[in-house]
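Can you keep this structure in mind? I'll have questions shortly.
Residue numbering begins at 1 within each chain, and the chains themselves are lettered A, B, C and D in the order written.
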Amino acid sequence: MKTTEPEFKSIVGRFACEVHWGDCDPAGIIFYPTYFRWFDAATWSFFASVGYDVKRMRAESLAMPLVAANCEFRSSPVHGDRCEVLSHVVRWGGKSFVLAHRVMRDDGTLFAEGSETRVWTRRVGGPGGPMKGEQISEDLKMLFRAEA
Amino acid sequence: MKTTEPEFKSIVGRFACEVHWGDCDPAGIIFYPTYFRWFDAATWSFFASVGYDVKRMRAESLAMPLVAANCEFRSSPVHGDRCEVLSHVVRWGGKSFVLAHRVMRDDGTLFAEGSETRVWTRRVGGPGGPMKGEQISEDLKMLFRAEA
Amino acid sequence: MKTTEPEFKSIVGRFACEVHWGDCDPAGIIFYPTYFRWFDAATWSFFASVGYDVKRMRAESLAMPLVAANCEFRSSPVHGDRCEVLSHVVRWGGKSFVLAHRVMRDDGTLFAEGSETRVWTRRVGGPGGPMKGEQISEDLKMLFRAEA
Amino acid sequence: MKTTEPEFKSIVGRFACEVHWGDCDPAGIIFYPTYFRWFDAATWSFFASVGYDVKRMRAESLAMPLVAANCEFRSSPVHGDRCEVLSHVVRWGGKSFVLAHRVMRDDGTLFAEGSETRVWTRRVGGPGGPMKGEQISEDLKMLFRAEA
């Protein structure tokens, strides 16, 4: 995937979350797929923050299916830890993009960092139609550009 | 909800499942919403067993949204327990029906028992259309009737 | 379970939550076990609000395993709906108690209402020891009593 | 992480799973954290198949917390797809190891492939004690070695 804007500097999205009892395993620490649930919710929240909220995504038959995801686990949150997922766009491809996510506790402890590669897609023919990758517009990218 | 067939005797569906590491909480026992995930999967499996598999449900725009669900927890499975959900229809209403579920370990230990009340619905106008409750046919009920 | 205080009036706990993409099913509405995940988190949050936060629960080897849970689904939230779980204690037994939960959207729409029956337990001998039901003290109950 | 046995050839673990209704999102395809839930369950199942079942892991206070996980998504399973996770060890470090997982439908379609990096740990002082990384024995590695 070639990046079209090497010097792109992204704004940062912030998604608050908390480690619930049911997010933890018998070892008493977070069950790791929880991080990916958070990544997904953080991405939707990030897009909502620039104007692409759920209603608009749905109305325009847009979705962001994944091509890849990864995460490195630095330390282990436990039940009750209040966290934040900090997200930013690290790369824009023609139809795909990469988001980096960091999960931190409210005291600054880094729990995990990872990324998601997603495709910008539109359902052709509305609900039930096939999802097709769509060229990402410059307008969309601009919404995520941080002030110089 | 009036039952239309007081003497109805249902066949029994069987759904195999296992308590995974991530299904347990820091107390080392099953996190209770897991049971409801199993109930839901058991119901789909039960309907598939009589001919209403996923492909058919999708092709005919059918769904079974819930009106109510409950569960009583008798004893606590731990990671590694192999279980089975035994399901049967306890009541047919006009457009709704009630399923009873029991979760047992392979040695016969009863872990939980509960029920789900569901509505038989069809999407009007295909994918994306509104879901409407639909009269349950005698043919459908017959598929679940146990031999006398 | 006999109630010890028929005239008990409980304070109300409030737990904010949101319907995420991954909480919904192919019908585009909430997957119902999500409600029970919320009920559980709401209960922990409610206890934290009166002084029994996670740290204290852990330090005192306390837990609240379930005996029963149920929910009635009134209307169907979709992705993006911001909700609140309103919880209160409806009954104190000797070692068990019942919580009622209502899930409402921020515009007042009622999505679901249900209850959980839980046992107040302590691990005997610390971590790894067996969980034993424990008499609920008057002091604990008082923490949840609403002003007359 | 240096590999101690460059020519190591691993046996292959097989874990059966199925895409349930609640594993899918409003796009009608698998919600991606589901894959990681499967990876985790597949790993436990793989270890059980060589003698390290849950009972033994628990009795010996062993666990396998993660350092990293990733997955590439090749095509999208839908509700009802019957799958298998094929797992093998790709690298043994001193205290850590890497598992590769492939998720395939029963007709051979590749849905996803990824890996998990885990640390072999033991709880010092039994339940509740801190988890410490432990040197992986040659005996353990041998259990996963495929016949030449």
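Remarks
Here, a residue touches a chain if its C-beta (ideal position, glycine included) is under 8 Å from a C-beta of that chain, and two chains touch if they have at least 3 such contacts.
Please read all numbers here as calculations on a predicted model, not as lab measurements.
Counting C-beta pairs in contact across A-B and across B-C gives the higher total for B-C. Placing every chain at the mean of its C-alpha atoms, the farthest one from subunit B is found to be A. Each chain gets a centre from the mean of its Cα atoms; for subunit A and subunit B, those two points are 34 Å apart. Centre-to-centre spacing of subunit B and subunit C amounts to 25 Å, using the average Cα coordinate of each chain.
Within subunit D, the positions touching two or more other chains are listed as 21-22, 27, 31, 33, 37, 40, 79. With chains as nodes and touching pairs as edges, the resulting graph is complete, every pair of chains being joined.
By the touch rule above, subunit D contacts subunit A in their complex via residues 27, 29, 31-34, 36-37, 40, 63, 65-73, 76, 131. Chain contact summary for the complex, subunit C toward subunit A: residues 18, 20-22, 37, 40-41, 44, 48, 53-55, 58, 78-80. If you check the complex, the residues on subunit B that touch subunit A are 21-22, 24-28, 31, 33, 79, 126-128.
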